[in-house]
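First chain written, first letter: the chains are A, B and C, and each begins at residue 1.
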Amino acid sequence: MSCFLTVKNLFKEYEGCRALRGVNFGLEKGDFLSLFGPNGAGKSTLLGIVSTLVSPSSGQIEIKGFDLTEEPEQFKKQLGVISHNSLLYDHMTALENLIFYASLYKVKAPENRAVELLRVVELYPRRHSRVGQFSRGMRQRLSVARALVNDPALLLLDEPYSGLDQYAAAILTEQLAELKSKERTVIMVTHNLDHGLNSATKVGILSAGCLVFMEERDSVDPALFEVEYLRHVQGAVRA
Amino acid sequence: MSGFWLILQKDLHAEFRKPESVISMVFFGFLLLVILNLAIPLGSEISSETGAGILWVAITFSSILGLNRTMSQEKENRCMDGLLLSPVSIEEFFAAKMVVNVVLMLLAECSIVPLFFILYGDSFFQSLPMLVLVVLLANIGFAAIGTLFSAITAGTSRNEALLPLLFYPLVIPLISITVKVTSMIFQGAVIKDYSSWLYVMLAYGCIFTGLGFLLLGHVVRE
Amino acid sequence: MSIKKDQIVVIVAALLFCSAIYTVFVYAPTERVMGPIQKIFYFHLSSALVAFLSFFTAFVSGVLFLIRKDLKWDVVGVASVEIGLVFTTLVLITGVLWGRPVWNTWWTWDPRLTTSLILWFIYASYFILRSSVERQDKRAVFCAVLAIVGFVDVPIVFLSARLWRTIHPVVIRAGSIDMAPAMITTLLVSLGTFTLLWALLLYHRTRTLTMAGRVKNLEKRLDGGIL
């Protein structure tokens, strides 16, 4: 099996609790996985591990054959992450932030890349303003641009729509559609069934640290999926 | 450009645009020079030991302000995660932050040392060339431990207040050696008398820089 | 180890301690110049040995923790720093008590005393650090780093402490020992006793802390409803 992304037997123990208990899946190029699950199911942990920020207790992850532990630099170059935090420097301007990150990824002509992305997220007129002065929505748009700075082969999104204003959400949706057309792979963790099902090619449910459901989007009936999802959410509440 | 230069450039650029760290360091250092004057009997000439002690208390106490800031910058909006996500190695990050700290301390010392000479007598002034060397060696040691431990305290619940409590016990030996050497320089001793201590200071800097390279990865990664 | 064996070891240690006290006060001759106050030296040196052993153990378990990421080593680390700190305090107190009649001053900036004092500060800050981190894994990493850096600092602390002029008696020089044979025997007995005491304390403290950690995790899981 040589998928684009392979996750094998992932375990994470955390203060005596098992956040992940053996997660296995593979994604092909161009796949868009929407991952659902009740709170505390280990979604963020899984995303944290794939994004290299959290180290797994055991297990293996590969992107394009680059192993996370053996070739971290090559692995990281493939990644883009959008999280709750903007990861932007408030004291620097929008342009400086993007140029800094683009240079970190050794992007060729970082200035051009930064300007290009600023146009995409429609912040070009404000490129010389410090990020500290930006509104929440603007920061989020900029953090989308930041995540795309290295044209990532794998984009990880943790609840990207939560707290986004409509404008920013529209830009994000647009960008995700474009990534899909460019055969980029995406993993999105979300609670929102509409957003999650709309763009996905695959849907999964993570519950109590296990991947209990993983199907092609087309073979899933939204109504039935909602029932399945709610069953796990209620199960988690009852336990 | 390597990650080392990028981070260094970013931090220094921010400091030049708005020199918060250096100004607060110089201000605090100056304040300490004045306050420590209270410990000296009125009208008496200060001994070289006292002078060296005052100078280094002012420098080391003011340096804590800079050490705290270089690391806490990466904490806002979790920018540290952004660096960890990027292909920049932890070693480059440590080196960059340590150099930033050394530069900030040097900039502050450029004001604190002259102020010291003005306040405590220019009889110490002839010792300036050797003093520069001692300052450089001491800065390496302080910055190495300071960078590592400011990364630790940035990850705790009471970051800024904690750093001095961890930092000073570990650098006491370096402070005591530095004060001793400085006082010998003030007395006009020949270099042969204290050169062995300079080696110890250098060794101290090298050991803890090495430890910082080895250990910082564990500290900042989850 | 079974409970019975544990009890036997504790009893042996207690008996050994009594015999150590006996040798110190009855068997060992009274020093001619200093008088009975010299007897404090046996436990002073033994405490210093135990403190050093503890900090060394903390260093080793810090390294092991960073390599293996097994919280077991964190527990050993805390236990040893706790013990080390207690015995460093004892070194300081016995040193001060001895210094008063002999040197005619409570405190002197002697390299060994100064080193002990600085070590006391370093390892006391270990607990301040510990109390300010909530997450177990982070806390363990931070403390391991401090234990390692602190221990590496020890020789430099000692070297630099020589800058304070010394009046500490050098009892053991390379190749020769300036003591009566009975005093050497006494010293060896108390060193042995303290080492056993140290091992016993470390074993029990590690066990207690491990159990406390397990109880805490269970409580958390009960609260979280994940059992």
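By our rule, contacts are C-beta pairs under 8 Å (C-beta built on N, C-alpha and C of every residue); 3 or more make two chains touch, one makes a residue touch a chain.
All values derive from a computational prediction rather than experimental measurement.
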With chain B ignored, the remaining chains form one piece
Find the chain most remote from chain B, comparing centres computed as mean CA coordinates.
A
Chain closest to the assembly centre - both centres taken as Cα means:
B
Comparing the two chain pairs, does A-B have more C-beta contacts than A-C, or is it the other way round?
A-B
Between chain B and chain C, what's the gap in Å when you average each chain's C-alpha atoms?
32
Taking each chain's centre as its mean C-alpha position, how far apart are chain A and chain C in Å?
49
Where the centres are mean C-alpha positions, what is the separation of chain A from chain B, in Å?
40
Residues within chain B bordering two or more other chains
222
Touching two or more other chains, which residues of chain C qualify?
137
Which chain A residues sit where two or more other chains touch them?
55
Sort out for me which residues of chain A touch chain C in the complex.
14-17, 40, 55, 208, 239
Touching chain B in the complex, chain A uses residues 48, 51-55, 72-74, 76-77, 79, 81, 83, 85-92, 100-101, 103-106, 146
Taking the complex as given, what residues does chain C use to touch chain B?
66, 118, 121-122, 124-125, 128-129, 132-134, 137-138, 141-142, 144-146, 148-150, 152-153, 156-157, 159-161, 163-164
What residues on chain B touch chain A, complex-wise?
1, 3, 6, 10, 14, 17-18, 73, 76-79, 81-89, 221-222
Contacts from chain C onto chain A in the complex sit at residues 69, 135-137, 213-214, 217-218, 220-221, 224-226
